[in-house]
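Two complexes come next, and they have one chain in common, chain A, joined by chain B in the first and chain C in the second.
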Partner chain A sequence: MDTFIQIAINALALGSLYALLSLGFAVIYNTVRIFHVLHGAAFLVAGYSTYWFTKGEIFGYSPGFNIWVSAAIGIVLAGVSGIVMELFIYRQFRKKGAGFLVSFLGSLAALFFVEGMLITVAKTTHRMARPGGPLPTVNIQNEALGLDLYFTWHTINTIWLVALLVVAVTLFFKYTQWGRMIRAVASNPDLAVAVGINASHVYLLVFILGSTLAGIGGVVQTYETGITPIVGIHLAITAAGGVIIGGIGSLPGAVVGGLALGLAQTLAAYFFGGNWAEPAGFVLLLLVVLFRPYGLHGTREHRELRRLL
Partner chain B sequence: MQGIKSIRYGLLAFAAVAALMTVVACGGDDPTPTPAPAAPAAAPAPEPQVLKVGFTVPMSGTYAQWGRLASGMQCAIDELHDSGELGNVTMELLPEDSKADQAEGVTGLRKLASLDGAPVIMTIFTGIGLAQKPVADELEVVLVSSGIQNPKFAKGSDWVFRNALNTTWNADALVRYITEEAKEDLKGETWAVFKEEGNDSLDLQIDRLKELAAEMGFTVAVENYQKGDTKFDTPITKIKKLEPKIVQTMALGQELGLIFNAMAQQGVKPDYRLSGGGAEGNVDLIRIAGDNANGIIYSAPAYEAGADPRTQRFVDCYSKAQGGDTPDTYAASFYDGTLFIAEAVKSGADVSSAADIRDHLAKVKSVHGVSGRWDYTSDGDAWAPVSIGQVQDGKFVKIVSQIEPY
Partner chain C sequence: MDYFADLAVKLSIFAILATSLNMSVGYTGLMSLSHAGFMGVGAYTFAILTTQSTNPPPGAEMFNLPYWPALLVAGIIAAVAAIIVSPILRLRGHFFVLATVTVQLTMVQVLLSWKWMTNGSLAIRDVPRPSFLGHVVGSPQEFLLFSVPVAIFLILVIRQLVQSPYGRVLTTIRANPSVAESIGKNVGFVRLRVFATTAFMAGIAGGLFCSYVTVAAHTQFLVEFSTFILVMVVLGGSGRWMGSILGVLGYILISEGVRFIPGIPPTMVGGVRTMLFAGLLFLAMMYRPQGLIGRYKLE
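On to the complex of A and B.
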């Protein structure tokens, strides 16, 4: 019994991180229609910033900030990186009339550039934004129920934080003016512009929002298990996978997709071994694309939306 | 008439006197002694020669810390030069970043052999070495490793030599430590292992552990992970159910510390936490696991800093190169591997000929290095004693200096 619960907690913890990344990816993709692999860069910016301001050195100076301060700085910088991505990369692509493939390749090139710069500056040594050692844990024991559960406070905090962010993003899109404007541009950019919505401002906002979500993921991971420069592409593909599994065009779908990925990887690790976790995610992606191409949470309407892309 | 004759006689007398004076001037004593005949020309000093030794080693990526081994080799080279043991030969170390990747390792070997002209190349990591082996055969260069513990590495090729522990000895050493030193009875117990997927060398260690388990009546449970993984929660949940007496990780990089942390986070508290190779000197282990690293037991080549003057010189040299860090057993192995290569020079090999170096190395019987004595077999393999260590207060401490395989 406790093994089952433990596995469920493991899956939820992993799935929550993936859901957060997928949500950020979906926020950007649904509006801008770019396969934004550079999403991984926002994760890296936040993670490394958190490390540097907490434990690292910046130009010979060790800030040694409190983890909360460093995390806040990291998240803000992730949002700023979104602005940079939109203004200096994607807006330039749009001006030049670049198509989907060129934009994707450009995004990929930019991500590799960011990773290369980080390797040069920070080397590839694993960086963790906290002192070494296990995280504080909670132990729930009940002999009658045969329970002996262990989980870290970090896991619990990650799960409720992601839940809160999903609710916040949902409410933002549903009840705020900016949310409605983003939905309008996502639905029909030409009509939205025709009614006076400034599409450029909307694009900037979605990049800030999406990159901030990715940045929060970067902080969470860097604190828990650390970060290296080469995880950017891996996480970007994971985020994209979650969006496709959940259903392109659907924000709740992105969350569902991320959670499904976490569950698939956890179950594969349990039943077949840790080395099968990652392949399992791709098997799930393949199955969804083959048998439910509009995603687990996608609908026919979203399938139509996909066809327009 | 009388007058003409007088003049004639006078001229003749003058000529005779002049000739006599000339003979005296040329043949008489000279204030400057005539130099003695020159001695035969001395044999010309031998032309200085350079033996280029390539080294494919990770210098970036998750395993960048292994780049420190180049310092171990350079210290050996400096010692050999200072002692004059190599005569007119200078060894030049050429490190090349393998990025812990097979393709990069092979590319590095090709560059060192073909472009840099290195007849001897040192390497590390089983997967990379095994990928490089056929290329070394193709390019006809000598390939040596002081870090590959897989005995298959040296087999089947005249060009390949191994100067490292046999991976299976790690299993022997740890089992002997647990059963003989710690006096534990393993019958009926579970020995859980976390192993990097696709690592041949570690598979051999697992096979040997299972052999010993079958003989002694304990069970080996293996969980695989992929290189670069950071999440180990679920495999540990699985292991926890087995209530293992012993948990061993076979990891070389950041995974080592992350696995031990994840174990503590899930309340997995075996009687023994072990590492078979890869722990000693692993600074990531201490950095990531912190105090949780204390108590971890590991096997490693037998090497003790300060045991003799040469070892102490090695420690001093390495520490200077590595910002105060003391060398671990792997650095010592690569120091000894350099001594092994130098044996070819000392026995008169033509350092420009990889084939000649190979032939001379094949005749080396033993080398006394800082790790102790290495004995070499006719097929390019080696034997050296194993030790057991433990992490204590964040330091790697030897607790059994030598333990032999079964």
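On to the complex of A and C.
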């Protein structure tokens, strides 16, 4: 019983990080319809700047800020990276009328460029934005129920933080003017432009929003477990995987997909050992793509994707 | 002299990789980012089958195959891996690309995690070099005599395939699968055969490669390398077998050239190389999606 609850807590913690990334990916993908692998770069930017501003050192200079200040800077920089991506990469590809493969490869190339830059400057070493050692744990014991659970406060904070962000993003999309504009562009770009919505502004907003969400994920992970440059591509694929598992075109679906990936990885880690966590997530993704390409929670419009796939 | 022979050996091995990937990317339109993974499967198979390693993984002690059969089996196992993941061939567009990236990441994770068979992160060392009449190949010059004929043979096979009527079927499938279907070609089966064939060649290249560097480690077959192979194909020009060879030449020139840029310490070479190729791919996608001598623009 307590193993079950323990797994559930761990899965929820991991899954909420993935859900955050998937949500950011979905916000961008649903509107711009671009396979945004560069999403991983926003994560890296936030993670590495948080690390650098707290305790890192580049070229002998180390700012040594408070963790909250550096986290805030990291998140803002992630949002700025979103602007850069839209203005200097995707908008240029759109202007050239590039097809999806070209923009996908361009996006992948840009991600590897960022990765190469980080490898050059910060090496492939594992970086953490806090002093080493384990985080303080909480132990809940209850004789009557036979409970014996271990978790860190960080886990709990991650879970409620992500829950809060999901609610905030949902409300934003539902009730604000900008949220409605994004939904309009997402559902029918031509019509949205025809009624006077400036699509370029909407795209820019979407990139800022999505990249900020990825940035928050980056800060959380850099604080808890630390990052290396190669997690960029892995997390980008995981985020995309969450969106596809949950169902393209649906924001709640992205969250569900992220949680499902977290659950699959935690279960695999419990039964086969930690090494198998990531393959298990990818196998789940492959199975969903093959047998239910419109995802667990796909909208009706996207069930038609099945014919295209 | 050893240095240039070393480059020539790498050129021959990468040429197999790039030409075979070109057959699937350039001719058949299967934009695969899993080539390094299949190469890794081949390399590990070869290393496990032939190992005389000082640290043999527990599962590998039951095999001890001679060199050439092991190389063949390496290719076959890579092809089998391709057939196992072949359901992804049903996917189109970026779903297919995503699926191949997933397959690539999974394969590397499996190579890393299956410690019983692959030694995990310890890698398999002392993979044998080929031997001829009892003489074990030592220097890169001697290895050239083995790798170049294999490369030329495989590239000629690919060239014959893509220039034959079969190659025109492949080009038709890339341009318009419905047309290929309407003239009675089994598109799914052709795709599967191309995917498996290219994985077979990647496996052979992997076997040769790990026999040359005498170590099989998962870090040699990461998704970055898959992208580099794709860069060779795309920059050279997809849909032209000469293009891939040009691409490999360019790749080797640039990746060796990085070492001679003054002011870059050796520890940074890897990062700078990644940046340079990523930047090149990006510029190519932006300004010349058809590559140097490519036949068509990517969609």
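Note that in this section the second predicted complex is superposed on the first by the 299 of 309 C-alpha atoms of A that agree within 3 Å, B and C clash if a C-alpha of one lies under 4 Å from a C-alpha of the other, contacts with A are read in each partner's own complex, and residues count from 1 in each chain.
Assume a residue touches a chain if its C-beta (ideal position, glycine included) is under 8 Å from a C-beta of that chain, and two chains touch if they have at least 3 such contacts.
Remember, predicted model here, so these are calculated numbers, not experimental data.
Undergrad: Looking at the overlay on chain A, is there a clash between chain B and chain C, or do the two fit?
TA: Taken together on chain A, chain C would clash with chain B, as the superposition shows.
Undergrad: Please indicate which partner A:I119 is in contact with in the superposed arrangement: first for chain B, second for chain C, both, or neither.
TA: both
Undergrad: Check the residue A:F282 against both partner chains and state whether it touches chain B (first), chain C (second), both, or neither.
TA: Only chain C; A:F282 stays clear of chain B.
Undergrad: State whether A:A13 touches chain B only (first), chain C only (second), both chains, or neither.
TA: first
Undergrad: Just checking: does A:M128 make contact with chain B only, chain C only, both, or neither of them? Give me first, second, both or neither.
TA: In the superposed model, A:M128 contacts chain B only, not chain C.
Undergrad: If we overlay the two complexes on their shared chain A, which of chain B and chain C does A:A269 touch? Say first, second, both or neither.
TA: first
Undergrad: Is A:T137 contacted by the first partner chain B, the second partner chain C, both or neither?
TA: first
Undergrad: For A:F100 in the superposed arrangement: first (chain B), second (chain C), both or neither?
TA: second
Undergrad: Looking at chain A, does chain B or chain C touch a larger number of its residues?
TA: C
Undergrad: For A:L87 in the superposed arrangement: first (chain B), second (chain C), both or neither?
TA: Touch status of A:L87: no partner.
Undergrad: Is A:T225 touching anything from chain B or chain C once the two structures are fitted on A? First, second, both or neither.
TA: The first partner, chain B, only.
Undergrad: With both structures aligned on chain A, tell me which stretch of chain C collides with chain B: 96-104, 114-122 or 258-266.
TA: The superposed arrangement places chain C into chain B at 114-122.
Undergrad: So which bits of chain A does chain B touch that chain C touches too?
TA: Residues 119, 123, 230, 273, 275, 278 of chain A touch both chain B and chain C.
Undergrad: State the interface residues of chain C toward chain A in the complex, per the touch definition above.
TA: Its residues touching chain A are 31, 33, 85, 87-88, 90-95, 97-99, 101-103, 105-106, 109-110, 112-113, 115, 120, 222-224, 227, 230, 234, 267-268, 270-282, 285-286, 289, 297-299.
Undergrad: Which stretch or stretches of chain A touch chain B in the complex?
TA: Of all residues in chain A, those touching chain B are 3, 6-7, 10, 13-14, 119, 123-126, 128, 131-135, 137, 139, 148, 150-152, 221, 225-226, 228, 230, 266, 269-270, 273-275, 277-278.
Undergrad: Mind pulling up the chain B residues that touch chain A in the complex?
TA: Those residues of chain B that touch chain A are 60-62, 64-65, 197-198, 223-226, 228-235, 237-238, 241, 253-254, 257-258, 261-262, 264-267, 284, 286-293.
Undergrad: What does chain A use to touch chain C in their complex?
TA: Interface residues on chain A, with respect to chain C: 35, 92-93, 96, 98-106, 108-113, 115-121, 123, 230, 233-234, 237, 240-241, 244, 273, 275-276, 278-279, 282-283, 285-286, 289-290, 293, 308-309.
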